[in-house]
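In what follows, a structure is listed as structure tokens, so that the remarks can point back to it.
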Amino acid sequence: MSTATGKNFFEAASGWKSWLFTLDHKRIGLMYLAAVCIAFGLGGLFALLLRLELLTPTQLLFSAKQYNQLFTLHGAVMVFLFIIPSIPASLGNFFLPIQLGAKDVAFPRLNLASFHIYIFGALFCLYSIFAGAIDTGWTFYTPYSTQSDTSVISMTLGAFILGFSSILTGVNFIATIHKMRPKGMTWFRLPLFLWAMYATSVIQVLATPVLGITLFLMILEVSLGIGIFDPALGGDPVLFQHFFWFYSHPAVYIMILPAMGIMSELVTTFCRKNIFGYSFVAYSSIAIAIISFLVWGHHLFVSGQSEYATMLFSLLTFLVAIPSAIKVFNWLVTMYKGSISFDTPFLYFLSFMFLFSIGGLTGVFLGTLSIDVHLHDTYFVVAHFHYVMMGGTVMAFLGGLHYWWPKMVGKMYSEFWGRISCLLVFIGFNSVFFVQFIMGSKGMPRRYYNYLDQFQPLHAFSTFGTWILGLGFIIMAVYLLKSLKSGEKAPDNPWGGLTLEWKTTSPPPLENFETVPEITHDPYDYEKAGL
Amino acid sequence: MSDNHSHHIIVPVKYYVATFVALLVLTFLTVYVTRFDFGALNIYVAMLIAVMKASLVLLVFMALAWDKGFNRIAVVFALLFFGIFIAFTMADISTRGSVEELEAGTHNINSPVRPLSESSKHNKVHH
Amino acid sequence: MTAETQSLVSKGTFLLPESASTLSSNVDSLFYFLFWGSVVIFVGMLLVGIWFAYKYKRTPQNQEASEQMIHNTALEVSWTVIPLIIVMIIFAWGYKDYLRLTVVPPYAKEIRVTGKKWLWEFEYAKEGVKLLNEIVVPVNTPVRLVMTSEDVIHSFFVPNFRIKRDVLPNRYTRIWFEATEVGDYQVFCTEYCGDGHSNMLATLKVVSESEYTEWLAAGNSNDDLPLDELGKKLYTSKACNTCHSTDGSSMTGPTWKGLYNSNRTMADGSTAKADDNYLRESIVNPAAKIVAGYPPVMPTYAGLLSDREIAGLIEFIKGVK
Amino acid sequence: MSNAAPVVEHHVAHHFDTAEQEFETAKLGMWVFLAQEVLFFSAIFVAYIVFRHLHPEMFLEASHHLSWKLGALNTVFLITSSFTMVMGVRSAQVNERSASIKYLIATLILAGAFMVVKYIEYSEKFHHGYLPGKFFFGEGSHETLHLFYGLYFAATGLHGLHVLIGMGLILWLIIRSLRGEFYSDYYTPVEMVGLYWHLVDLIWIFLFPLLYLVG
């Protein structure tokens, strides 16, 4: 039905309804992108404020309760509103069908519905911020959450609703990858980003419903007191932790797998080289997805979980380190004998490699039982998961954002400012979080409003780092928004990428391709592509 | 890579009727067996019948018996992770506290702890 | 916030606080094994990365990859299998020490611990001693703590001993240690439990066997202090300062500044004058009168404070103006 | 039945190549969604197993408070409705529109009957104070009985919600069927709702013996 009019998808329709009720995966992806960026800004603001409070060992700006609300909201907004949908729902939505060579996702209306559900859930979360912000920590541990006088129900309801948005996106992507591949696009010709998205979707579909039912039971617990999580009524608070982490540990891989997918795209394009060990990288995504379901109990090593279960979970936790390590080694070797160009996206690739390696190696410390006893619930854990989540996922998200920005909006950003901001983000991030490893192993517990005076120099250093980090992000926001207005027009293939999105115009037409390209070789085969 | 050659399966009515009858019989059976006490096995008998009923519904009513590979895999994976959820949670619940009963040698732990008398002797030497 | 405990940051090794129990050195050796192992792997990868980035950067001469190396099974298998073996060794090592940390020697001395918002209560059942936010143990003696919570989940953490265990309501959890060095050690609550979480601290005093016996015999009294100084001491040691300020600011509970003999309005609308009897009742039976605007969260101190200590606190409150 | 309504022909959505691809994709999506549903209910079953393990005798007592007769009746209702549903789908497959509509209406009625019985059971429980958690004031020799009822209401309530959603979907099918939108080449929604409905039945097949019979 589409005609080769030369119009891109922006020009295909106009008016706010053409966005809010669009069935085009590209527009939905961009709306998600805007939404997650706003959520990131909000979560980042909370982070700046709570780090500011920690500049001194005692009260500086906020009361203890306000501080507790700040770190809870920081966690909840970053996890549920930003990082879970960050890559899959925005960049994934935009590029999954294009890289596949399809006209759209399998269920466009479901895709729109999941965006609307996301907005609806986000509104619930925002409402809860103004109606007595929740102070339970983003993990909602019982019985604290059943006793808290803050808006526990509206925040959990928000997270419950957001969960369905995530599930529906997962269903959609699985069906798309299975059924929408054009002729020639075999499983082993899929770009590695799609393998990662597929593995992510499997986790979204199989793990997120457990979060749904857990939060549902928790809402019943708070409102009706059904008692299964409440020790005062004969329930077991550790059971809540099992339920919660059955979702929330695999959720960590919902966050990192798409990031790993982006890494594979970046390293091949900017080294002009075929990926080293395609099948190992692809299968390791699936392996991570499956093993991720078997390790949730490592969050409960000191929670009163049985020692036998603890042993089992620790053993399996070590297994999940292997496929992650395989990926990192493969990316590193892909650089060998390449032609490496240090454009902004590749700088993010290097940042990811540096930071994610630290995050991964410190994860081994935490998986080790005797050491976890000491490090559990200290700043070491805070630093570890920020190195993985922010050093990993956010760096990859930014790498992907810069990589695909010209394709999405058809404009180039300032390369100079791109590199400056990447450098600031990298330096700022390390200043904030590296000292937290030391604080943690020295015994500083997390979620502390006041702390011992002796920790102040380290805390202050960390707080100064947030300002560098914040500056990096402000610069980024400025040059990206500026490029929308006055950026140079982007060529169709600015980086020399081989995957299908670079074979259509920037920005792509309504149905992605004027003519669907023929797929005759592997996604990163620079020899056959004859570039 | 769509499979254009496959056709919709139209299952003969007799299969549906037979399944329906079997389900009713099994429902009757599951109620009937509660008259007998198998002790701890009660739950397994009930679950066995429930699994048989569920398999009938899945295979015939939901046509998995004639369906494509992936739809079966989806079900298998859902049940697999459901099973893991139960097994691992129960691995905790049912073994809690049992490590307390361990004798120090069971896990080949060379406990660094000395008997009290020895410890107090040590103490005197120390000071 | 200050603590008279041994410094966590300045003492000890590069990354860990001073080790002071029989098992902490085991934990530390594995920690440093992992640490140096990680440093070697990380620096190795970093050097390889820098070398590649330098050698193969895009130049007019190097516009295309010089060789498309896409697979090497030996390499792939080796970096799958070798890490697997290494992590399995780490797992076994960690589990062995974990069991040592967990399995309590049967002849350990038992102390009961109760966590509640936001204080630690220690009860020596045999000796009939009850302490608040302070625990005294003899050196070189295994001690078992049997812990429970009265409200939400707390967690008992002694960094110098490398031990930590959650404290759950309606259930007992156990932890044990054998201190090897005399000194004062910091106890933290490490499971988030609300506004006073970061003030839920305690001091663990390790004393010599003889001092311990003396301490038990002396019955833990503060008889020699004047009343108001005793109150001042108790204000921090019994964690009153978690919820009550002396500078007029409103925390979880009302401030003590100008409290004495002031008129108080209760949540139910009644009023009362904050005289000695009112203060005493507020300490031993806090739920009897709740000042308007404050949550009814204060635990009772009946049995935890002697009459003289209560009198000391009242004297201290009188002095805060 | 308004068999007179002409067949409304279905157009394959623009991003699919063939009707076959469209159907297969929808079916695969539905199965993935059902996998999600299984895990959605999973935590309730896990909680059931955990608390049954911890309080076996309390569960024994509690299950005697439930009427196995009403439970069995409801089981028969749901199994029958599954049968009528599958016949409704089959009739659509072979272009027998009026039969399809009749079967769908039968399914709807059976689902309604299930909810009526559920209502009778619930009001009886409310009357005797067998309520979840803190509202519990029923009689019983175990003081943890409220835990069972917490689970009972969570499980049956959630299942009942699924039945209600299913009834809405079946009603929607009936309306679309009457408009002549389903025929042998296009009956995707009927098939999908059918799958969903069988899953609702499946869950009840397990809930019935676990809650009413095992003791």
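To keep things simple, chains are lettered A, B, C and D as they appear, and every chain counts its residues starting from 1.
The criterion applied here is as follows: a residue touches a chain if its C-beta (ideal position, glycine included) is under 8 Å from a C-beta of that chain, and two chains touch if they have at least 3 such contacts.
Note that the coordinates shown come from a computational prediction; the quantities given were computed from them, not determined experimentally.
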Going by the contact definition above, tell me which chain pair has the most C-beta pairs touching. A-C
Measuring from CA centroids, which chain ends up nearest the centre of the complete protein set? A
CA centre of subunit A versus CA centre of subunit B: separation in Å? 32
Distance from the CA centroid of subunit B to that of subunit C, rounded to the nearest Å? 39
Calculate how many whole Å lie between the centre of subunit B and the centre of subunit D, each centre taken as the average of the chain's C-alpha atoms. 22
Separation of the C-alpha centres, subunit C versus subunit D, in whole Å, is 50
Among all residues of subunit B, those touching at least two other chains are 2, 70, 77-78, 81, 85, 89, 93-94, 99
In subunit C, the residues touching two or more other chains are 96, 99-100, 102
Using the touch definition from the top, which residues of subunit A touch two or more other chains? 178-179, 206, 210, 234, 236, 238-239, 242, 246, 304, 307
Give the list of subunit A residues in touch with subunit B in this complex. 178-179, 181-183, 185-186, 202, 206, 210, 236, 238-239, 242, 246, 293-294, 296-297, 300, 304-309, 312-313
Touching residues of subunit B toward subunit A in the complex: what are they? 1-2, 70, 77-78, 81, 84-85, 88-89, 91-99
In the complex, subunit A touches subunit C at residues 57-58, 63-65, 68, 135-137, 141, 143-144, 147-149, 231-232, 234, 237-238, 271-278, 280, 302-304, 307, 310-311, 314-315, 318-319, 321-322, 325-326, 328-330, 332-333, 335-342, 350, 353-354, 357-358, 361-362, 364-365, 367-374, 376-378, 437-438, 441-455, 458, 525-527, 531
For the complex, which residues does subunit B have touching subunit D? 2-4, 6, 8, 10-11, 13, 16-17, 19-20, 23-24, 27, 30-31, 34, 42-43, 46-47, 49-50, 53-54, 57-58, 60-62, 68, 70-71, 74-75, 77-79, 81-82, 85-86, 89-90, 93-94
Can you list the subunit A residues touching subunit D in their complex? 1-2, 102-104, 106-108, 110, 167, 170-172, 174-175, 178-180, 205-210, 212-214, 216-217, 220-221, 224-228, 230, 233-236, 239, 242-243, 246, 511
